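Please find the structures below.
Shared chain: chain A. Partners: chain B in the first complex, chain C in the second.
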Partner chain A sequence: MDHNEIIKSMFKAMLDLDKENAQKIAQAAVQDSLDLNRFLQEGMSAAMESIGKKFQNGEMYLPELQMSADVFQAAMQVIEPELLKLKKGYQEKKRVVIGTVKGDLHSIGKDLVATMLKTEGYDVIDLGVDISSLDFMERAVQLNAHVIALSALLTTTMAAQKEVIEAMDTNGVRDRFKVIVGGAPVNQSWAEKIGADAYGENAVAAVKIINNFFPE
Partner chain B sequence: MIDAIQCWLNDKEIEEIHAATLELMWERGMKIEHDLGRQMLADAGAAVDENTYMVRFPPDLVERCIETTPGGFTMGGRNDVDIGLGMGSPLAVRSTSGAEGYIDLETREYRLGTTADLIEWTRILDNMKHVDICAGFYPLDVPPNTRDVFTVKTMFENTVKPIFLNPYDVDTFKAIIDMSIAVRGSEEAFKERPVLSILTSATAPGHILDYCVDQLTLAGQYGVPVEVNTGPVMGGTSPVTLAGCILQSNIEILSLVVISQLANPGAPLIHRNITMAMDMSTGTGLMGAMECALGQAAVAQLVKSKYKIPVSSNGPMSDAKIADGQSQIERTILTFLSGLTGTDLLLAPGYVESLYSVDPVQLVIDDDIIGCLKRVLKGIDVNETTLAKAIIKQMTPGGNYLTEMHTVENFRSEYHLPKIFNRDARSAWNAAGSKDLNAKARDLAHHILETSQPKPLAPDVQNEVDRIYKAIAEQKNR
Partner chain C sequence: MIDFIEVCRRASSGPLISEERFDRELFFPTVQELVKKYEIKPDLANPVCDSDAEADAIYQAGLELITRVGVYCTDSNRIIELGTDEVSEALREAPGPCWFGEGKDRRFYPVRRPDDFDTPAMCAVGGSLPCSTEEIAFKTVEGIARIHEADCITQPSIMHLNQVPIVAGSPQGFLACIRGVEIGRSACRQAGRPGLAFVNGLPGAGSAIETIAASFPAFGLRPSDGWYVGFTAEMKISYGALVKCALLERVGGHIGSEQAPIIGGYCGGPAGAAITNVAYIIAGIMVMRGHYALCFPVDMNLGVTGTRGVLWATSASSQAISRHINYPFHHVAYPNGGPMTESYFYEVAAHHLAAITSGSSAQTGLPAKGTQTDHMTPLEFKLAAKIISSAHKVSRSEANEIVNRIIPKYEEKLASPNIGKPYQAVFDIDTGLPTAEYIAFYQRMKKALQDMGVPLDV
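After this line comes the complex of A and B, so read on.
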């Protein structure tokens, strides 16, 4: 098949949220020795951008967004080993460790940020809910994370965001990570007060802010 | 007069949901963290997997526990008003707990609630005709680990009505029970006519945490009524379909019923489902959406017709941030759907922003909305007096009934007389300052605060309440 056609069909498969087909097309792209950087940019990333726009315009909704991240990742699994072989022009993904802080079991807001970050191409490690300060720090160090994202939905648990930052300070690793905080009771002044790098008011804002951490 | 009860499910559908509930309680079950809780369930015949903490409930155990749950009970405050729940008692209303924000009565600005706000809120609640059980919020200017106990203490000091709350943990709950017994006078008197009720909640989907089992057990020991709750979010923490959401919530709630009844057979419970919707763009949990209204109403019908235990439902509730137009639309629809389906306990006057904030202006408006519902629920009496044949017969054509003794004797029972709805002629309305609903509600709230005084606790009770709070606050806020 013509390379342009493959890229177009990839774009369409992603918008159709057709995981199986997207994987097949990605395999075809690898077999046909397509320019995989171009395939990623003009097929997959362009599709994710289009889905993001539709989401913001209220034409697509959360479950579809979530599914699109799934499709994207499934296709990435196919092409990433090849991209890494080529190295040329392919930037390794930035890694984000995300979770809900100790004592807090809320997950939907955190899941949403994780999904949106995946759709932007980040390598997202979701630690889950009720995560202790030490776990956050240790996992982020182990995984060489670039960003730590802390969610808290309760006024009684937001203090745990501060504890994570304090733990990093105490252990001398604070400078290794950018820290972003979010959740219903959290705001900009809280983020500043506890020494976080940023506050994300919602998932869309959080992704924009994290993008700004890494200007191209 | 016909029964004003509305139906959302037919008999076959109710049986189908019940059968699916029993089937999945046995085939799938719930994850229960509490070691002793699992042991108790295993002893009663449940299938327990000690590796996964999954507990599967045999159908006959579930049926037996529904059977031992009382069909109704009576609560009461510091006055002599009895509040019946279930078994044909009239609709009761309570406010709820869980808010953090308070909308200033005068400036209408949002802030995190303080002790002064809690006192103001409770004093207005105390004067709301249709609010039977009071609940507040946890003020942020007191030590954090005992805000629940502080809230109960403050509310006892400012209202004669019974109190509802969601305790933080078993220690604070015990302190709150001790306080409530002090207010009631003795443990026996408290059991007879509890002045306190609480809520405990499963974590959707399919999970019961330690504190739930502890709370249910402790509540049962002292006869504290518990609303056994879950709040699945359609498409988030439950299937997106209403039927699936209702099924899952029924499984979660009946699991709590089983735990409660095994620990203390006959313990008073209320089946409490908050069907929550999700904003499909932001993931925000919603309580004012029409799907919430419909889901809860259907659950109320299921519980009343199938289980015959008391049920509570959201009524005056909204996702709007303040007492605006959206708020009045959502809460009125919720109130009427839940109310007309025969719920026993209607929640949550004054609440806005789902569960995050309270607005005293909205509280005053809600009292009138509930008054409207109660009028509709009362229906149309048809008898010799109400038909008024004799009076119609003797009426002069073109005359009027205003001066008839029949009118004087019957208008108060026939009409709902709203406190703040405007019904004046435009000229009179203009002369009175052209005030809209919110302004009138605010005026009435001010009037209440200026003219009424809370009934103080007896000095020895106050001392005991203070002592209990001081002790638990010192213990938990070290």
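After this line comes the complex of A and C, so read on.
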């Protein structure tokens, strides 16, 4: 099959949220010795960008974004081993540990950020909600994460973001991670006050900031 | 109606399913299917819906939604299923209007209808925004309680006790809840309104332990007050919330079921949010044993209630609910604009007109999305309360014209932070009175809104 056609059909499968077809096309790309970096960029990442715009415009919704992330990851499972063999021009995924802080049960904003990061190719470990400060630190250390993303939706829980950073300072691991904070009561000045590396005003901004943590 | 023990039984033994599967394989696809089945098509150019047929379709869709998906208990990972006949019975037995407060300050919370020119909306004033000092909290509540139109209020939260920061779930968190009630009661007394009710005596996001402990009568809350108990998005309830309901049902406090369908999230777009808002009302009656509901469809990306999609969902679902369910409910605005911003006043005016002409009551908007410390004052609430008290005088179609004039005044600014000024910049803390600058701003905004057709008694 023509390589351009394979890439176009992958783009369509992604937009159709068709996981099974996406995996088949990814396998075909590998078998046909397609330029996998080009396949990833033009067939998959471009599709995710299009889906992201549709989400921003209200044409697609969070569950569809989550499904698209599943499709993306399913296809990545096929092509990533080949990309790693080649190593040329392919960057191994950075790992993000994300969660909602202790005492806070809100999840939807965190879910959105996690989904968007997955579609950007990050390895995202979502710890869930009501996560203690020490758990954030310990899991990030265990998993060799690169970024810790902390969500808090209440003024009475945002202090836990500071506590996570304090825990890392106390245990001498602060420098190992980039820390980004977000949530309704959080702002830039809070992020600076507690020593976070960044503040994400919304999911799109958070993803851009995390991308900027790792300039190519 | 099924009793609360039966609700507990179903939370413990209903179908087992992961939260992710509930969201993505049951709730979201069912909502999308119902949007298509009932042909619900939001007309965002006309955010105040004016179609009884569409409202009825949304109601039927909401009815079908709750019987097909139930309510998900996040602690047991089980679905509290609700049968069609049970729902019909519960709606026949729905609580109806209620009374808040005591003595001369006792106020009626009506059940309204669309284009209900004879029944003013219930006016809830304030919000549990954080205050940096007890003095600011006291002065704010005193000022709010002096608002003539206030039928009930919500008092702010304090952020520290003797400089010990308040953290959710901590002992000082519980003490702060008590202190908040004490400050609120005392400030209302100072304002000459000792019987004024709290529509939400304690922060809805507080833990069950905080709610139970701080509800002890000695601390000041009364059965004539209200308590918000929240669902989480979408259609989920925790054991903590159920525990609060168990307590309040047994002490006779008013339970306000709190629901916020998120546009862009698991209910999809505005059509899905409208259907979900209806389903929540039914869930609030049956699972929470609610006496009234606090509703706020909200935009996922912006966190505000002033977008066309939210206004439409608010209006359409309010009509669906009020045409069919004998249950009082109100919508609260989450404007992007803070105190002393034009945006605040325009956003709340649009929101309240859309909600109230559609059969809802209303709560004054939480400035700057309710997230900034000290960013609320009695003066913007005063104008919001006047809008709430007069909005019933216009029809849905008239409201739609006015709202369409208002929206361009703020729409482009919704994505940019606009937190306005803190209390201490626009009010004198010693006297509790607004600055001359803020009074002049208030008068200018009142005239601007009147010139646009917003009904406001002078």
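Keep this in mind: the second predicted complex is superposed on the first by the 216 of 216 C-alpha atoms of A that agree within 3 Å, B and C clash if a C-alpha of one lies under 4 Å from a C-alpha of the other, contacts with A are read in each partner's own complex, and residues count from 1 in each chain.
Rule of thumb we're sticking to: a residue touches a chain if its C-beta (ideal position, glycine included) is under 8 Å from a C-beta of that chain, and two chains touch if they have at least 3 such contacts.
Small disclaimer: the values here were computed from a predicted structure and weren't measured.
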Fit or clash - chain C, chain B, common chain A: clash
First, second, both or neither for A:67, with chain B first and chain C second: second
Touched partner set for A:103, first chain B, second chain C, both or neither: second
Which superposed partner A:157 touches (first chain B, second chain C, both, neither): second
Partner chain(s) touched by A:170 [first = chain B, second = chain C, both, neither]: neither
Winner by number of chain A residues touched, once chain B and chain C are compared: C
Partner chain in contact with A:202 - chain B first, chain C second, else both or neither: both
Chain C collision site on chain B, chosen from 385-393, 403-411 or 439-447, when both complexes are overlaid on chain A: 439-447
Shared chain A contacts, counted only where both chain B and chain C touch the same residue: 55, 58, 61-63, 105, 108, 112, 155-156, 184-185, 202-203
Residues of chain A that touch chain B when the two form their complex: 55, 58, 61-63, 105, 108-109, 111-112, 155-156, 184-185, 202-203
Parts of chain C lying in touch with chain A, wherever the complex brings them together: 23-24, 28, 74, 130, 157, 159, 165-169, 173, 203, 205, 207, 232-233, 238, 262-266, 268-269, 272, 300-301, 303, 309, 369-373, 417
Chain B to chain A touching residues, read off their complex: 100, 112, 140, 144, 203, 233, 235-237, 240, 278, 280-283, 285, 356
Residues on chain A engaged by chain C in the complex (per definition of touch): 55-56, 58, 61-63, 66-67, 102-108, 112, 154-157, 159-160, 184-185, 187, 201-203
